[in-house]
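As written, the chain order gives the labels A, B, C, D and E, with residue 1 at the start of each chain.
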Amino acid sequence: METYSIIFAIFLGGAVLTYFAGKLNSILQDILFLGSVLVPTYLFFSGVSFGSAMPFSLEGISLLWGIDHYSWLFALIVLGLGSLAAVYAIGYMKGKERKGYFYFNFILSVMSMLGIVVSQDLISFFIFWEIMTWSSYLMVIYNGKDIQRVGIKYFVFSAIGAYAMLMGIVIVHSITHTFFIEDMIQAYGHMSLQLQIWIPILFLIAFAVKAAMMPLHVWAPGAYSNAPMAYTSLFSGALSKMGVYGMVLILVTLVSRLPQGIWFREVLAWLGGITAAVGTLWAIKQDDAKKLLAYSSVAQLGYIITGVAIGTELGMLAGLFLAVMHALFKGTLFMAVGAIEKQTGTTNFTEITGLIRKMPWTFLASLMSIIALAGIPPLGGFVGKWMLYESLITSDHYLLVILIFFASTAGFLYCYKFLFGFFLGQEEKEWEHVKEAPATMVVPMILMSVFMFVLGTFPGIILKPINNGLMDLGFVDSYKHLWETSVIFNNWGDHVILQPILYSIIAIFLFFLILVVWKGYKGTRYVTTKDISTSGEVPKEDENLTFSVGFTQPFLRAVAPVMRRQIDKYYTEFAKGLEGLFEFMRRIYTGNAQTYALYVVVFVVIVLLFKDVLF
Amino acid sequence: MDSSLFQLLNYGVYGTAILVMLIGLYGALVKKSLLKVVIGLSVMESGLNLLIVALGYLKGGTAPIFSEGFLNGSNKIMVDPVPQALVLTAIVIGFGVTAVALSLVIRLYRHHGTLNIDEIRNLKW
Amino acid sequence: MVGTPVLFVAIPLLAAFLIPLLGMIWKELVRIVPGLVLMYLMVLSINLLNHVLVSGPIVEVIAGWAPPFGINLVFSAFSGFLVTLMIFLGLVVWLYSYRFKRNVGFEPAKKYFLLLMMLITGAVGIVLTGDIFNMFVFIEITGISGYGLTAFYTGRDSAEASFKYLMLGSIASTLLLLAIMILYSQLGTLNMAEIASKIHTVNPTYKVISLILFISALGIEAEIFPLNGWAPDAYAEAPGPVGAAFAGIVVKASVYAIIRYIFTIFDISGAYSFLIIIGMMTLIIAETAAIRQDKLKRMLAYSSIGQMGLVLVAFGFGTEEGVFAALFLMLNHAIIKSLLFLSGSYLVYNSKDKKIVEVNGMHKFLPITSFLFALGAFAIVGLPPFAGFWSKLSVLTAAADSHMLFVLALVLIVSVIELVYYLRVVNRIYFFKKGENVDPKKPTFNALLAMIVLGALILVIGFYPDVITGVIHKASADLMDKTKYINDVLSIKQ
Amino acid sequence: MKKVIVILLLAALGFYLGTTFFNIGFGDPHFANGVKDFYLKETVDNLHVSNTVTSIVVNFRGFDTLGEVTVLFLAVTALGSILYKRRHEVGTRSVLFSSSSVVTAGSKLLFPAVILLGVYVFVHGHLSPGGGFQGGVIIATGFLLMLLSYENYSVSHKWLSIVESLAGIVFAGVGLLGFINGGTFLQNFLPTGVLNNLFSGGVIPIIYIAVGFKVAAELTGVIYTVLHEKGVK
Amino acid sequence: MEEVLYNILGAVVTFIVAFVVGMTYGGLTRKITARVQNRKGPPFYQNFIDAFKLASKKTAIHHGVMHLMGPAFLMVTSVMTLLIVPVLAGNNWFPNLNFHGDLIFLLYIMTFGPLGMALGAGQTGNPNSAIGVTRGLSQMVGFEIPWVMSLVALMIQYHTTSITGLMEVQAQSGTWLMLSSPFAFIAAVMAMFGMFRYSPFDIVGAPTELASGPVSENGGKFLFVMMSAGSVFTFAKLTLYVDLFMGGASNLVVLLIKTFLLYMIPVLYGVTSPRYRTEQAVRWFWGWPTFFGFLAIIQAVILK
């Protein structure tokens, strides 16, 4: 019981202390920051037991905190990624201004996300949800770049979502008269059909916004790319998962009990698929790594949403497994971008090239994450993708699987673009001085890469908690599961056995690498990428031959008709229209005292005219 | 008094009072000069006061003063004193408001150099 | 020592008459005495409130005539709560402006403090009185103080704003008197409790017309659209603390009056839905107007109007929950909007136009003020864990429980608009480059103290709303119990 | 166009107000047991005041009157605040014209009489029509007369202020004395004397005298302030 | 342990067969193309000569780690594909790994190599490599759609996602899937055009054929490894097609005939067609092939 209070007290106190410690000593601040993330993490995993809950009441509302296996899974994502990102942030923030501000919001974000998963009642859920929103908003505007557009857009979308949820919450409350999630689930069966449909919709809007689902995703690219990278890894990795968390909760506990729930599922799954496709296409178009990863996050969340939305057991496992994986690889990728940004000062593909020899560790981590992101065996991403496809096929989503597959294949383009743009290509003089990022930044990235690798062969490590979590939600019973520690099945009994595959791959790889290629390595000479001739022409020193800018042009030309429709534009037009309307409406206040007096008379006369109707 | 005549008086008194009010309001709403607007407001208040006093009247009533004459006289009906007391208050308040209004007019004239209400629109929207 | 409610009016009046004399003795006294008076009243009101919460309302008879013959003051949980709130805010505003504008001379300062004190007294009187005509008098006291305070600075367009206020104010008083007289002509009494007990005998036509006139008249003061033409101008042109006082005190009193009429005096059920309609209209129009403002105080003014619309909506639900929500909202609005006005007026202190763009980059020069403004902005849009969230939540809960889902949705949509314009300003404060010819001024110690007190309250209520909700619950129960009010007042014997 | 709209609106307003008040009726008793009967009875029986309006204004509804006095006081304060100028900006009188000697002499002659009349009116407020407000206004008219007649006639602002304040303090103080003596604010704690006597009605005449002074001082102050407003060319 | 060794031995045998057959097919293609274009063309064993020459060359330079690893990546893909695909049904020498993966796994492992290779090419810094890579990847996005559609159609029609499962279906019913699911076959074959990157889809020149790019980058052993990987890959893919649509093969001769016939389709289509630009190619794949893919899925849903 007490543990929760202590954890949240440490978070809150730590946030404030860290903020003010910056005035005293920078190193003290770093230590405090680390402490206030790591200590609660330790306390949480050592001190909190399943099933125990902490009830208390505020403003006459009974609240309840506690965890089950399902929330534990997300707590793992949040705190795990949070801790690693915190370590990373120490290095990342070194020498940057507004460190206190950053740390403060970082801690609050972690706290609020943990709060979301431990909340067993809707009010504390909403409170933490909002704290998460504004703390992340404050991070989005951290750089002060383009904030009136990007920041406000983020907040407005979040607010629309949150308020939709709030509406759902109060409607539920008007029926159940409590705020417990448990009671909502209980009462759901007895509600009128209209409410049964509307309440999940209202909740899902909120979660869809955070999970950046089409057509509510337009905030995401700007917000992800504007936040400092140390935070974006958490933002994209863990914060967006809160949308998934809620979505699964609603889908499993509410929608699955509704006969019409199938439509929710279908719509969500398709929206997820479209999100994946559109996100991928836009990611391909980007020239800025942050933007690229941001769109990629949107796309990845699309897969996750599709997985959880189709609602078969395999789909749910796939979605949640992908969620964990996404936290890992997207966290790593954003960290890598952060490292590059820190070392070079830019994240634009058109400017940076050939960092592979300067930042080998960063490259290794990026490579691993990209392989995982692309879903290529033997890394963890494959397991998730495989399960997703199998679940789609076995649950009769034939066209959707094509769409997902398209998105996934097209994703290779940006995967390659990312690696090529930063690490490969010609080396340039401008970046010769670039060094590898400090250890605090590299170690978390490498650690996460290792996790990805392990999960690729032994997905059972994380599938077991997922399964337990789903059991706690009442979704699956304990005997039926579709995985073993390193084997995954589909509903038809087909399976992939991961261990031999991994060993074969490693064996073949090493065999050819060592015997055929490596053998000659000693005798060969390293040639810089400048030392080439193309068609008999020797390029000059300053001539940039890296075609990273436009090299996806042919593909983009092929899909140009789809890209022409930007949802963002419609929103912008809508917002402009609204502002115009508001501008018109405020002309009511003409500034003339007589007009105002006339309004009074008009008001009185009108009310008198309609007095029989009104009263 | 004849009842139909009294009916006429009824219409006349209330009608006049309301008319005065409306005239005042009209002035306040339409006239362009600030002074006329203030005058309009005052006229409106006067009409209102008239209305209130008229409301307190009782047929055949005398002033609510227990003078020697009243105490000894036969007519024991008095008009309602409460509206009169209220009107007294309302008048004084009206005076205060008018005074402030006029001072504001002076300020406005000092600031804008005009009394045209349409030109005094620096604050809008 | 437990005082009596009449002191809330008598002491400030006595002080007001004394101040010119005291000013002749020692000039500083004109600044100190109002503060002392307010402090005394603060203590008094807290004492009385504690007393009232336990042992029922205090009905104070004036001039020894029992109701309905004399005028009476009612200090119940409901009115007591509002009075305490108003006096607290008055104290904060006084503290804030204690040293404001050192260059303001003795004469204006004397008048400023006098008018400010009377503004508060008038508002308190509106809340306390149990007589409809007496309420009119207090409304006029508030009004005239307001006119004077609005036009306080001679350099600006304040006279224009004040004139608008005055013009609408005098129309309001005309309408109010008409309404009072219609009621009087039917019942022969001016005492609220007596009217309430007899209202069912009145012909519905008169009742409705009287109510319409009441709402129109009080609506002008309570900033109901479309009667609120004066409000943005007055807020924008009055000195900052006065803006805070308007938002926190005067409007609250007017809303109280409307609510008293609808809930206690009249028995017209259509009035509740009418409240919702006009409340929604006010909310929507004001918030949409606010988003397009380019002057800070004007924006705050529109926002304040919108909030009052929301308060009316909450009252319009007519349930105890709704009343609770509305009162909570009033409390939070009073605290938060005052904080915004107070800090906002330092953000644009030396500027002529008070444009929003002039707050750019202020956080470097006024860190605490900027922080408090941001805190206020976050709180007013209802972000947890700040104070505004709880009241917004209770409004929404009340709406849902009354099955007004349309209202619920509209309120939420408008909240998004509100969010946008507040965030725009906060972003400007923190992330934009300071303008070339903007000359920030450090707040005085008193002002800072006043703002910090409000900011701390926002946090306290945000993290632990239970400190205040108990009182509000009792207050709302008190308002809902009409028969108890009538009995309490009319049972007083001479 | 605007005028037509306004006229139409006002016609509608007039229609509603007219029908309402015509239905209420003129001169009929509208209600059965209002407070006025009590007032009329108590005024004679208990307060021994013959002017019921005065008893209502000063005693039954004395609180209103206190507020009313405050309104006046505030109006003067607000006026001063609105028209405030720093000393060097203060001009001479804006209304400057020389009066003929007939006027000046006549004014001098009339002035004491006007003052006396005013004093009479407010002293006898509880006996006959009139009272503090009326008396005060009459006194102020006297000052207006003097101000109009004499270019350089001046009233001491300080003294006006003192009178004003003192009168206010007396009013509020009497009220508080009642609070201390009789238990309620503005309680009539003095013996009420005999009906229709000058010294009757307890505190009523005292309050009315204070009100008279106050109103006189305030109105004079208003006139004085406005007269000294420098005109804009 | 013994079993593992046995498996490894089998894998090696499979690889050798695939290498030989793939190389021969490559040579034949060159010959046939030349003949159609009225040239004499090299002998069919020319590829072996080339491979031997390249393998015996000494590598002089390299461009970095990725550059070294690229060919290895490529080889992993080829061999893994080969191992997953059942080469001969029920033959002890070719059991391999085909019970450890399924079609989806195959699809993904097939993309592993090109990506790795592309990375290797990228590190050379040669502008052509980047162009080639993106063209290849773009085209891959194009042909994967009909290809996956056809596979999905098969999977849902026969309720299995494993290759062996599909082969069993064919064995039991006695009809080839190319007859019972004709649309899926058509779509798959059309996708194959892109997969083999013969004309008109040969604008890519990358990643596998990057080997024929500037010698300064991928010469000698690099090119040898790539070439052999390409050959093995060709064979593996053809075998996959045969397994899926033509009932598999029980002995090597049948397998060779079937694969050769299948192989001739893209080759012959290629030699008679001009080259497409990348976006044209992508759109081509999203035209008729995709349409047939849809038909296949509709058929599968109806017949399920």
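Throughout what follows, a contact is a pair of C-beta atoms (placed from the backbone, for glycine too) under 8 Å apart; a residue touches a chain by one contact, two chains touch by 3 or more.
Bear in mind that the values here come from a model prediction, so they are computed numbers and not experimental data.
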Pieces of the assembly after leaving out chain A, positions unchanged: B, C, D | E
Neighbouring chains shared between chain A and chain E, ordered by label: none
Greatest separation from chain B - chain, by CA centre: E
Farthest chain relative to chain A (centres taken as mean CA coordinates): D
Comparison of B-D and B-C (more C-beta pairs in contact): B-D
Euclidean distance of C-alpha centroids - chain A vs chain D, Å: 73
Gap in Å, rounded to a whole number, between the CA centres of chain E and chain C: 78
Centre distance in Å when chain A and chain C are each reduced to the mean of their C-alpha atoms: 44
Centroid distance [mean C-alpha coordinates] between chain B and chain A, Å: 70
Junction residues of chain A, two or more chains touched: 586, 589, 591, 593-594, 597-598, 601-602, 604, 608
Chain D residues counted as touching two or more neighbouring chains: 6, 10, 13, 16-17, 24, 34-36, 39, 61, 64, 67-68, 71, 74-75, 78-79, 82
Junction residues of chain E - those touching two or more other chains: none
Contact pairs between chains, per stated definition: A-B, A-C, A-D, A-E, B-C, B-D, C-D
Footprint of chain E on chain A - complex, ascending: 354, 356-357, 360, 367, 371, 374-377, 382, 385-386, 389-390, 393, 396, 398-399, 401-402, 405-406, 409-410, 412-413, 415-417, 419-420, 423-427, 490, 492, 494-497, 500-501, 504-505, 508-509, 512-513, 516-518, 520-521, 523-530, 532-534, 545-548, 551-552, 554-555, 557-559
List of chain A residues in touch with chain C within their complex: 58-60, 123, 126-127, 130-131, 133-134, 137, 141, 144, 147-148, 151-152, 155-156, 159-160, 163-164, 166-167, 170-171, 173-174, 579, 581-583, 585-586, 588-589, 591, 593-597, 599-600, 602-604, 607-608, 611, 614-615
For the chain D and chain C complex, residues of the former touching the latter: 16-17, 20, 23-24, 30-36, 38-39, 42, 59-64, 66-68, 70-71, 73-75, 77-82, 84-86, 158, 161-162, 164-169, 172-173, 175-176, 178-179, 182-188
Chain A partner contacts - residues on chain C that touch it in the complex: 163-164, 167-168, 171-172, 175, 208-209, 211-213, 215-216, 219-220, 226-227, 229-230, 232-233, 268, 270-271, 273-274, 277, 285, 288-289, 291-293, 378, 383-385, 389-390, 393-394, 396-397, 399-401, 403, 405, 408-409, 412-413, 415-416, 419-420, 423-424, 427, 430-432, 464-466, 469, 473
Chain A-facing residues of chain D, complex: 5-6, 9-10, 12-13, 16
